[in-house]
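Each of the next two complexes has chain A plus one more chain, namely chain B in the first and chain C in the second.
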Partner chain A sequence: MSVFMDLNLSFCADKSRLRSLIETAAHLGFSTVAVNYTFEPTAKKKQEIPAPMPITDLMDQLPVVQGRSRPIRVLNRLTVVMSDSSHFRPTAPEYRRFDLLAVQPTSEKLFHVACMTLDIDIICITVTEKLPFFFKRAPINGAVERGVMFEVSYAAAIRDATMRRYTIANATSLMETCKGKNVILSSAAEKPLELRGPYDITNLGLLFGLSDGDSKEAVSSTCRSAVLHAETRWTASGIIRTTKTCSVTPIQQEAPPEESDAPAAKKAKLEDE
Partner chain B sequence: MRREDETDETSVFRRVVLKNASPYHYMKICLVLDDESTKLSAVDLKLFILTGLKNLFGEVGAAISFDLLKYDEDTLSGLLRVPSRSLVKLWSSLTLLGFYQNQACAFRVLQVSPYLLSLTGNSRELKLD
Partner chain C sequence: MVRVKSRYLLCEINVPDRSRLFLLDDRAVAAAVKAAVARMHGDYGAALCSIRFSVKYLNAHTGIVFLRFPKKCYRLLWSALPFITCIETRGQKIECFLNCLHVGGTIRTCQKFLVKYNTQQLHRMLPKCKSEEERSQVREAILKCCLTRGNKQEFGEESDSEDDEEQ
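Up next, the complex of A and B:
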């Protein structure tokens, strides 16, 4: 079984609050969390894509995950709220600083584009308002085939009764179309008290119309697939990765390795030939 | 469903086989409040949970007969007993409860089990090396 993940903790400039958010997530048993930076481009003026804050700035020592004795893993994620197809620039170098890329489409056309063509990991489903369009089978099947995940976040449902109605309605209509495949459940929490434990979310998934198995996968293995999908995005077919080396000085020669058993045996073999 | 081991009269052990799913589930819960000095009696807690059930599932939800078996006012933690078929409803209503008298709160479900005895220990609190 893979570990639990929460791929959406809202970023806030208040460092102590973000710190307590991550600590609470670790205490609840999440092994990986992603800090989410929302970017909402407007037509009027050009805006800067936010730069992720390195986690070392935030805390010196990462909190230990409950029951695992291992420190929590913190990723960075960018969510682009799309109201126009030009808002997502696939080649933007700013995007490379984030571990995960998500878009939140606001119209049916953009949803189709996001599902079929955009190079992203996660598509956020609107939960704060009534869905402006119906989910169609074709784009959703395309997204499932490409390994793009659909995300339903539940913090809005905790905050407000009306939002709860929309969350449940939009989530069930998604589940009807995608049949529980490629769905992740995440928090989008701004405060520690809006976070819930992984098993609570699994149970909540049942309310959204997921099956028992899919519901548990929505907080564990599907999230892992999303993270792996993100890792392969910058590689050639998931095999080759290129990085720029900054240093001009020649790499320091490593000290000659001490002769251990295995290399010695290999050497002997080579001499025989 | 239990059956006495008839073949061995001297045996003091008895084999217990549950053929049906167990009738109840037990939950160990803890309420976390924003303002930690707030006091909450057992009656308040039950009423609060009941309001949450009614908000989410209406009168059908409010008709779920759950019991608060044990409650500690200092730590705000308690034990709930709920019929197994209503577990999902009760649990999801606990998950979606976010406010107690206009202050943020959260229910932490610590353990869930069909057997009350299982709630005596918690493997997640063990220190692993």
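Up next, the complex of A and C:
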């Protein structure tokens, strides 16, 4: 059995609230969570893409997951709300700071683009309003083939009765088309009280039209493949990964000032002399 | 011999403020569950929920409840539980959510699971202890349940000692 993941905890500037969110998630038995930063570009003025807060700033010691001996793993995730195709810039260096990249398309055309071409991991399904379009087989099949996941979040359904109707309606129409494949269920919780346990979410999948097996995968193994998909995005065929080490070298230089700069062969020479 | 089959859901009531758990009683929990089911599944759900549903056990110290549902429709009724956001009792609203820990066919299997779960909680509590006195109490409790695991009578004692820590 794979471990449980919740790939959407809403970011809030209040550190203590975010901390209690992560602690509650660990208590409920989620091994991996992702803190979600929503970015909604508007046409009028240029906006900054939010920078993720390093998790070491937030808490010194991550809480231990329920039923396991490991601390919880916290990822960063960016959700771009797309109302125009220019809103997603595939080469933006800001995107590289996030572990996961998600897109929330607001029209059918953008949904098609997101499914077929954009280099992303997750497509969010709108749950707070009635879907302005129908899901079509072709883009969804394309997304399934490329390994892009569809995300349904349930916190809005807990908050309000009208939202609950929209969530269930949109989720059911998605499941009709994608037959339960590549769907993840996540919370989008802003408060710790909006989180639910993994078994409850699995059962909640029943309302969204998922089968038993699919809904269990929706909180565990499908999430895992989304994370792995995100990891391969920054690598060459998932084998080689390049990272800048400039942040590491100053620390090394502090300890032995001269030696670390010289390569191994030169170092040996210096010692000989 | 055929018996009437039920499913027992072992749920944990999570509240931000633990001291408010003492306000709970089983009637309040039952009313909250019934209201949630009626809200989610309408008259049909309410009808199913009136057949053999009951709150079998409530531990106000640790916030553990046993809910009994008919086996035939327990999944439908369970799907309404995540939508409980508060429990009303004695004129007060307690904000909380239910987290299902285990589903069992008999109370016995649920109890076995609960003993295991409570022991696990003691282990989790140990690194969080602040004073030396607390720590020694938790250690003692862990030791006690290691020695007498599976003994029904000791189980009561063990869960009591856990409660001392949480206050």
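Rule of thumb we're sticking to: the second predicted complex is superposed on the first by the 246 of 273 C-alpha atoms of A that agree within 3 Å, B and C clash if a C-alpha of one lies under 4 Å from a C-alpha of the other, contacts with A are read in each partner's own complex, and residues count from 1 in each chain.
Simple rule for what comes next: contacts are C-beta pairs under 8 Å (C-beta built on N, C-alpha and C of every residue); 3 or more make two chains touch, one makes a residue touch a chain.
All of these numbers come straight from a predicted model, not from anything done at the bench.
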Fit or clash between chain C and chain B when superposed on chain A: clash
Which superposed partner A:Asn141 touches (first chain B, second chain C, both, neither): neither
First, second, both or neither for A:Thr38, with chain B first and chain C second: neither
Which superposed partner A:Gln66 touches (first chain B, second chain C, both, neither): both
Touched partner set for A:Ser107, first chain B, second chain C, both or neither: neither
Chain B versus chain C as contact partner of A:Gly197, first or second or both or neither: both
Contacts of A:Thr232 with chain B and chain C, given as first, second, both or neither: neither
Chain B versus chain C as contact partner of A:Ala157, first or second or both or neither: both
On chain A, positions contacted by chain B and by chain C: 28, 66-67, 154, 157-158, 161, 164, 193-197, 199-201, 203-204, 206-207
Interface residues, chain B side, partner chain A - complex: 32, 34, 55-56, 88, 91-92, 94-98, 104-106, 108-109, 112, 123-129
Residue ranges of chain C in contact with chain A within the complex: 14, 16, 39, 75-76, 78-79, 81-83, 85, 95-101, 103, 120, 124, 127
Chain A residues touching chain C - in the complex, by the definition given at the top: 24, 27-28, 64, 66-67, 154, 157-158, 161, 164, 192-197, 199-201, 203-204, 206-207
Of chain A, residues touching chain B in the complex: 28-29, 66-69, 154, 157-159, 161, 164, 191, 193-197, 199-201, 203-204, 206-207
